[in-house]
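The first chain written gets the first letter, and so on, giving A, B, C and D; residue counts start at 1 in each chain.
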Amino acid sequence: MSQSASGLQKALAAAFAKAEALGVAVNIAVVDGGGNLAAFLRMPGAFLASTDIAIDKAWTANSFGMSTAAFSQMLEGEVAPVREGLLRRPRVTVIPGGLPVRQDGQLIGGIGVSGASAAQDEEIAMCGLKALLES
Amino acid sequence: MSQSASGLQKALAAAFAKAEALGVAVNIAVVDGGGNLAAFLRMPGAFLASTDIAIDKAWTANSFGMSTAAFSQMLEGEVAPVREGLLRRPRVTVIPGGLPVRQDGQLIGGIGVSGASAAQDEEIAMCGLKALLES
Amino acid sequence: MSQSASGLQKALAAAFAKAEALGVAVNIAVVDGGGNLAAFLRMPGAFLASTDIAIDKAWTANSFGMSTAAFSQMLEGEVAPVREGLLRRPRVTVIPGGLPVRQDGQLIGGIGVSGASAAQDEEIAMCGLKALLES
Amino acid sequence: MSQSASGLQKALAAAFAKAEALGVAVNIAVVDGGGNLAAFLRMPGAFLASTDIAIDKAWTANSFGMSTAAFSQMLEGEVAPVREGLLRRPRVTVIPGGLPVRQDGQLIGGIGVSGASAAQDEEIAMCGLKALLES
């Protein structure tokens, strides 16, 4: 994985700062291209159930190479067995807030945020992603 | 299981060639009549989440002796407790792309493909099945 | 949990700096008093298997309120059914490198490090713990 | 992962040919650098229990960046809590027959063989590894 340990910390810090600015408490997760946990931070007061949701958002975004929001939209166009079949898979989630991480066009991981509104989660994840790619 | 090791390799190769011809990246899995993994191949770039889905398609097709597409249709005609009860079982999937393997009318396994569209997955699985039966 | 998000980041940063100074690549995990993941960082090149081991060290240290090294020693003095019974529990580990987190005498979490030698893991965890308590 | 789909098939074929020459039936597994299954083949008659053992050998070799035989020897030199603690981890195995896959010095996966004697398993895995690296 090309994500350096300092890059990962900058991603957590940037997402954390954004969440604080928005006045929300969230969980922030990054997985590598193999779907393995690379970095995680839970802000005090963040929903406990969102811990795994944030990790699964990152995992899903990396697994399908698209945001969980785009994945959700794509499923809308699928026939029921495919849509339902995919939604029932462990770890697969369509909750917005998961983004793929790409470097030089190569999929190298995913970042997921959970705990605020869908729009806020995605906005915070975008901040984390930007910091990760600039690091 | 009657599936020979060389037959399994030919099945993987035929499915792989078909996927390449279609320009898609997929996971290909074969299970024996006991539901145990017999052969597997993941093409680089195939959705990571599709690894287990391909195996579960093969497992489901062998478990019920019909394609996952036919199984999905069959469930439509069932009462809710049966349909929901079956769909909630681990490993059971209704996503098309899983086919039963029959030799002389005998169910001897399943093949599953995952990573492309439902129609492509099934088309690729069909190629693998054909190679397996001819071997 | 009293651990602030910035304190958690300082703990990851301090443990990471120590690991770099020692020339080793490790996984660093912090859990809160409920045993839930609070922060995590995997350094590139760290053993993949150590991801869960680091989390389980933190979980075990918090669960029993003592370091995993002390827990291991305590088990030595136990009768076999207790020792074996505890060792067979999921998530329970006796590998050194897990430390409890206490604030004003109150158990509020655990920190675990995995990927280097047992002595190095514990030394790195100690650095992370110190940064967490000073923050 | 740099392992191409054709390279993976050549690895399975080379290991299979070696096992046939030795007159044994084995399971052959390859995982990528993220520990995810990349290729698998079970020869008819191979021990059913060896299916997962082969996969876990590949997983362990990739997780620790060394052969399962070397990992086993390394554990001999460890204190009991570390040795016992690691041996109790899910998926971790010290049974010989698992080898790391390195490309240009970079760890990119693992290959595992199970079903024959420890020496034969490792010899077969070596053949698969050689074919993978030459492809």
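Rule of thumb we're sticking to: a residue touches a chain if its C-beta (ideal position, glycine included) is under 8 Å from a C-beta of that chain, and two chains touch if they have at least 3 such contacts.
Predicted model, so just to flag it, every value in this text is computed and none were measured.
K.L.:
Could you check if the interface between copies subunit C and subunit D is built from the same residues on both sides, meaning over half shared, or from different ones?
P.N.:
Different; most numbers are used by only one of subunit C and subunit D.
K.L.:
At what distance in angstrom does the C-alpha mean of subunit D lie from that of subunit B?
P.N.:
Taking the mean C-alpha position of each chain, the two centres sit 25 Å apart.
K.L.:
Go ahead and note the Å separation of the Cα centroids belonging to subunit A and subunit B.
P.N.:
Taking the mean C-alpha position of each chain, the two centres sit 30 Å apart.
K.L.:
From the C-alpha centre of subunit B to that of subunit C, how far is it in Å?
P.N.:
Centre-to-centre distance between subunit B and subunit C: 42 Å.
K.L.:
Going by the contact rule already set, what residues in subunit B reach two or more other chains?
P.N.:
48
K.L.:
Name the graph shape formed by the protein chains and their touching pairs; answer line, ring, star, complete or other.
P.N.:
Chain contacts: none of line, ring, star or complete; other.
K.L.:
According to the definition already given, which pairs of chains are in contact?
P.N.:
By the stated definition, chains touch in these pairs: A-B, A-C, A-D, B-D, C-D.
K.L.:
For the complex, give me every residue of subunit B touching subunit D.
P.N.:
The contact residues of subunit B facing subunit D are 1-6, 8-9, 12-13, 16, 32, 34, 36-44, 48, 51.
K.L.:
Subunit A touches which residues of subunit D in the complex?
P.N.:
Within the complex, subunit D touches subunit A at residues 32-36.
K.L.:
Give the list of subunit B residues in touch with subunit A in this complex.
P.N.:
Per the touch definition, subunit B meets subunit A at residues 47-50, 52-53, 68-69, 72, 87-88, 93-96, 118.
K.L.:
Could you list, by residue number, the parts of subunit A that touch subunit B in their complex?
P.N.:
Interface residues on subunit A, with respect to subunit B: 34-35, 60, 62-65, 78-79, 81-82, 84-86, 88-89, 91-92.
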